[in-house]
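Below you'll find the structure I mean.
Going in written order, the chains are labelled A, B, C, D, E and F, and every chain counts its residues from 1.
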C-alpha cells in the first residue's frame, strides 16, 4: 500500500506530538500596495527545500535531529482581511495551547498581527523584536487600518509603548518616524545596539518578527518592496542567532518573500538557509534552557 | 514653459467636456485567489500604447477622430474591498451624471460590481452581457461575499433573473452551473446565439463586461487564471463589435489582464488592439444613432 | 492535534484502497538532449492544481467523485538511467499488482519504458497508442540506447511489430521514418484515422502514452522541444477522450511538460485541464464497463 | 590538432564554392521604435539550431543534402544607419556576383533595403513579394527617412509603382494605406490572391522579404511589435513554399525575430522550422529548374 | 469635471515656474552596441515611483518639499543620432535659459553629449565629473564618431584637457586608458580622491554625469553592460551627495538603467532611491547657497 | 570567397599550434540533482563574449596578446555518464599530449573527473586546489557513484589523502565533513590560509578546479544551487590570481554556470570577466616562468 504525498519545509517531518516548534504558512497578501506575490512564499519554500542540506556547517547541527513539525498552509480568504487574521490567531492559539512555539511563514507583514494577538493573550508583558526595512508604523494607509504598512502600529495598540524594538529600518513616511520616536525604539539601517537590546529583554516573553526585506535588495530581490542599502546575509544570520540564543521567544515569524520577483531563485534559497539556521538555533536553545 | 507629463491609453487625449466616452483604470486585485497582478493592467496598457497605431484597417476608422477622454487610475485601498467598490461606484456615477459612457479597465472582475451599482441606479431595467471563461456565479467564496468568483452573483442580486447573458463560459463549480440554469443565460465555450441575444436586447440598457480570459490561453497568457479551449482574437473582436454596434451600452468594462504573467507582451498588445477596435465601434455607434 | 501537509494533483485525495487509478510522478530528465526541466513537471502541476476547478463543463463530471489516489513522486537517481527505469518499473508493478490503473506524470519520455516493462510483463499482447510530435524511433542516440529519442524503439523491442500506433508525428530523423514504415503505424501531423485505430484495438490491452509536445508550440510552449504545426487543445482533449472511452487501457502516462520554459503558466494549466478531462473519462469508463 | 569552433544555422556547413544559397545575419535594430532586440536573432537561431532535425517530414527532404553556406554575421555599426546599409549592400553584392542566392536573417526590417539595393542593381525589373503585419510604407518616421517603418517606401523609390506585392498586412497609419492604394498591391490580413500573384510573376526576378510578425502574436510572440489576428504557422509555411516553388527568387530575407521577447523559445523554434522548410524548397527548386 | 492622467518621477509635481530643478527623460539607445533597452528607463522609473517613499531617513528631508518639475520624455528619432542630440540640446537649453537645473534621465550615455553641448555654450569653463564603469573615451567605435563608447571623447572635444574627472572606471580598451592619461583624470575602480577633486572644483561650473553601471553588477543588474567589481549602493549614494553638496552643478544626468534586464525590479528601485537622495541634496544645496 | 562563422570565448582566436592554453566546453549536466542548465554555459559564454573588453585594467594585459585556442564544445551523450567522462578524458589527453594547458568550461562539476583522470595519468603526484560552496565529498548520491555531489570523492580515489585543498565550502552533508577531516583539507566559508597552501604547493603539479558557486548567491545567481554567504567577485578574482601566479597548474576548469537561472546576465558576465583575468594570469605566468 502506497503513502500519500507529504511536503514539508526542509524535511521537518516530526510528528506533532514530539515537536517543540510548529511551522505553518500564512499565504496572504491582499493588502500589499506595491507588488503582490508573498502568498506564494510558503509553497515555494517547501518545493525548493530539497535544494538545501539539513546540516549547518555554521552551527554543526542538523535539522534531522530537531523537533520541528510542519502544519501546512492555512487557507485564507483573499479580500477578507479580518477573517484572515482571525484564522491566523486561532491557529496560533492552538499551537501555543499545546506549549509549542509557533513559527509562521508569511505572506505579507500584516499576518504578524494575527499571531501577535494570540501570543499577547497568553503573555501580557509581550515584547516585540522587529527586523525590517520599513517602519510599518502608519496609523492607517489609504484609509485602511489593517494593512502591511500599519501592522506595527496595530501591534503597538496591543503591547503599548516601549515594547517594540525595530532594527534595520530605512524607509517610511516622515510621520512614521516622528510618531515612532515617542512610542517605539527604532535603530535605523543596521543592527547596532541589538546586543544591548537582547540583554535587556532577558527573561521577558518576546515575539520576534523578521521581514526579510531588511536584507539588501541585491541579496533578496524577491520581495514586494526591495530596498537598497540593507544588511547582508551574514549580518542577518548572526543577528537572528543572537536573538534566538538569548531571548525567550514565545512566537515568531518570517515574512515577505515574494517568489514571482525571485526569477533566479536566490531569495527563496536565502530564506530557506536563514530558516534552517534559525530553526537550529531555536531548537538548540529550547533543548538547553 | 514646459508641459507636464500626461499619459493616456492609445493617445485618447480629448478634453473631458468634448468626450463621449470616459476611460479609467480600476487597479484592484485584493480578492484574486489564484495569481494576483491585474492591478498593473491599466498602467501597463498606457505605457505600451505607443506600440499600436490609432488607425484600424478593420474599420477604416482612426482613434484620433474619436471623442474619448482618459481620466487616469483610481487610487484604491488594497484589502478594503467595500471601500474600493464605493470609490468605483462614485467615480462611475460622476461620468454617467455627465451623460458620458464609462469604460473601466480592471483590475480583477470584482470591480465590475462597483460600476454596475452606479449604472443600475440610473437604469433600473439594466441587462448584462458577460464574456468570460468563468461563470463567476458563486454565492460566496471561502466565506467572502465580495470576490472575483462571486461578482456575477452580486450583479444578479441587483438586476435579478434573466437579465444576465453569459458567453464563452468554460470553467466553474458544479453548483454554479446548477444555480445558473434558473437565473441567468449561459452559453458555454463560444459565442453561439450572440446575434440572437443582441437582437433581443435592442433598445434596452446594457452593461457589457468583458473578462479577457474568455480568450484562449495561448492568445492571452497574461491573466490570473488562463484557460485552454477559449475563443480566438478574431472571434472576440467580432463579438465585441456586434455588441457595440447593436446594443444600447450604458456602462462597460474590460478586465483581468495581468501583466506579470505576460512576459512576451502579447496579452497587453492584444488587449490594446481589442480596446482600440471596441472604442472605435462604440464611438461610431454613438455618433450615428 | 494538527495534520501534516499533503499535496495532491487536482485534489485527488482518495485513499489507496478505494482508488481505481493511481497517479504518480517520475521526475527524471537525464537523457534530455535539448532543454532539460521536465523533472519539475509533477511538483509544479501539484502546486498549480488549486487554480483549476474539479468540475468539467465538458463532461458534467466532477473529480471529487472519482476514485483517484496520488502516490507522490518517485525519488530517481539523476545520471543513473537504468536504475531510474527499474524504480519506475517496480513502482508500476506494485500498482498493477493491486489491479489499479497506473497513470504516470513525466519527466521526459524515456520514463515510459519503465512503466511499459511492468505492464507488458502482465499483458503480453500489449498495444501502444502514442501521441507525440516526435517519432522517438531511433535505435541509439549519440551512442546511447536509453534516451528520450529512442524510447519507442525500446518499447518496440518489447511489444514487436505492428503494435505501436503513433499520431501527430511531425519531427524526426529521416532514418526513423524509413525504419518506422516496416514496424509501426505512424499518422503524421494529426489524429486522422484515430477512430479506426481505436475501434480495431477494442478488447486488447493498451498502454496509452501522451507526449504533450503533440500540442502546437503556441498552445504548449513549456516543453523541451516545442514544435510548430501541432494539434490544438480541443483536438487533443477529444482524441484522449476517444481513446479513454473505447480502449482497454492498462497503463498510461502524460510526459514532457517542462515548467522552466512555461513562464506564463499556460502549459501547466493546459496539462492540468487535460489531466482532469482524461481522469474523468477514465474513471467514468472504469465504472461503466 | 584540434579544430576551431564553427557555428552555423541548422547544420548548413557546405563550403562556399559548392553552395547555391548563402545565409548570413544582419544584426541591426537601431531604428526600431518600439521594442529593440532583433539584433540577437541570428546568433540565437544558430545556437538553437541543434534542437531541430535537418529532415522535413513535410517535404521528405533533408538539409544535409542541400547546398547552403553560412557566412556568419556582419558586424554593423549601431547608430550609423547609412553605413550599416552600405555594409549589407556590399556583402549581398559579393554573393550575387558569385551567382549565389543571398538569404539574409535580420535584424529589423530596414536591413532589407541594403540587400534590395544590391539585387536591384543587377536585376532592374525587380519585383518584391512582401509578407508582413505592417505596411512599412511611411515616407518618413519622426523625421527619419531610413527606418523600419519606411523601408518599403524606400524600396518603392528603387523599384517603382506596381512592383511591390504585400500580404498579411493588418497595421499601419491611415496615410500608408491611402498612399499604398496608388503604388503597391496590398492584401490585408491573409494570403488570399497569393497564388494569382505568384503566377503573374512567373519568370520575373523577385526579391522575397518575410517579416515574421505576419504570424499571429500567439504563434510568434518574440518580435518587436507583435500583432494579434495574424496567420498561422501552417499558412505561412505553405505560402512561403508557394513562392519558393514558383518564383524566380534572386534575393530574400527573413526578419524581425526578437529573442529577448521569446522567453519560452517558441518563436526561435518556429523561425528555424520555417527557415528549414524554406531552404529545402529553394534548394529543390534551384536543382530542378 | 475629471482631470487628465499625469505621471511624474517620485511625485515631483511642482509647476514649471516654481521649480528649481527640471527632470526629463531622454529615451534613446540607438548606438548601444551590447544590450539595448535603456530607452525604457524613464517611463519605467515613473511607473515604479509609487513604490518609494518621498521621505529620506538618510537626510531627514522630503521630496514633497522640493522644487522639482517633471517635463516628461523627449520623443527622439531612433536611428537619427545627430537629430536626437539636437533635440536634447535644444530642450536642455530651454531649461537653463530659465535658470533652472536640468536633470536628464537616460537613455544610453551618448545623450549626455546633447546636454553638455547646451550647458557648455553657457558655461565655457565647464568641468565634468563622471561616474562610470567604462571609460567611454574611444575616438570612434566601429567607425562611428557618435556612440555610447565615444561620448566622453566627444565631451573632451568641447571642454578640453584636464576638465574631465572620472571615477569607478573598470573597463575599456587599452587605447582608451593610454589616451586618457594625457587628457583626463581617471580614478580606477572606486571613489578614492573624490573629496580632493570636489574641493578643487569649488566654484567652477560642473556637469555631473552618473552612469549607473558604476554600481556592482549584483546591485544593478539592469543595465546594458553589467560589470562585476563595482561600488556599492551606499558608496555611490555618499559620493553623489558629496558632489551635490560641494559642487556648483549646472547640468546633470543619470543614465544606463535598462529595465528589460531588471527582471526583479531592484535596479529600477535602486535608481529611484539614488534619484531621490540626489534630488534632495541638490534641492537643499540650491536653497542654502 | 566568404569565411565560415567561427565563435570563440573572448576573442581567443589563436591557431592550435601557437597556443599554450586550450579552452574547451564540456556541456553536460545529467547528474545535476537540483536545477539543470549548466549544459548551456559554454555556448552562452561564447555568445556573450562580445560584451567584454579583452583588456584588463587590473593587470594591464590584453587577451589579444595571449596564446589561447578555443577548441569548441564536446558533444557529450546525455544520460551516459561514463561515456561522457571518457570523451572528456580523451580530449584532455590530446591537449596535454601536445604540452598545452587544458582549461575546461563546464557543465556540472562531475566533468572535472574526466579531466583529472587524464591529467593524473601524466602527473602521478597531482594535487588539487578546489574552490566551491559544496564539499562534493559524498561516496555515493542516491545510489550513484558518479555524480556532481561525489566528484571530489572520486578525485580522491585517484589522488589519495591530503592532496585535495578545498576553500569556500559552506554546504554539505554532515557525513561529508566528518569523512573529509581525515582525507582532505577544507577551509570553510572563505580563502583564509590560501596563501600558505599555495606556497606549500610550489613546484608540485596542480589541478585547479573552480566551482563558480563559491561566489555569493547575489553575485552569481545563475548556478544550479546558489548559496548565500559566499565570497565576493574581488575575493575570487584575487584568489584565482594567487593560484595562477604561484602554482604549477597542469590542468584546470571553471564549472557550474547555469544560464537559464541568469535572467539578467550578470552571472555570465562575471564568469567571463573571471575567465579573462584567469587566462591573462595563466598566460603571463607561462611566459615568465
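Brief remarks follow.
As a working rule, contacts are C-beta pairs under 8 Å (C-beta built on N, C-alpha and C of every residue); 3 or more make two chains touch, one makes a residue touch a chain.
Source: prediction; values computed, not measured.
Listed by label, the chains touching subunit A and subunit D alike are B, C, E, F.
Within the contact network of the assembly, the step distance from subunit C to subunit D comes to 1. Of the chain pairs C-D, A-C or A-B, the one whose interface repeats that of B-D, sharing more than half of its contact pairs by residue number, is C-D. The most distant chain from subunit E is C, comparing centres defined as mean Cα coordinates.
Remark: subunit E and subunit F have CA centroids separated by 39 Å (rounded to whole angstrom). Counting only residues that touch two or more partner chains, subunit B has 216, 218, 263-264. Counting only pairs that meet the touch rule, the chains in contact are A-B, A-C, A-E, A-F, B-C, B-D, B-E, C-D, C-F, D-E, D-F, E-F.
Contacts from subunit E toward subunit B in the complex involve residues 1-8, 13, 16-17, 22, 24, 43, 46-47, 69-73, 94-95. Against subunit D, the residues of subunit B that register as touching in their complex are 50-53, 55, 57-58, 62, 216, 218-219, 233-234, 237, 263-266, 269-270, 273-274. By the touch criterion stated above, subunit E contacts subunit F in their complex at residues 34-35, 169-174, 177, 188-189, 216-218, 221-222, 225-229, 261-264.
For subunit B in complex with subunit A, the touching residues are 29-33, 36-37, 39, 75-81, 83, 110, 141-144, 146-147, 260.
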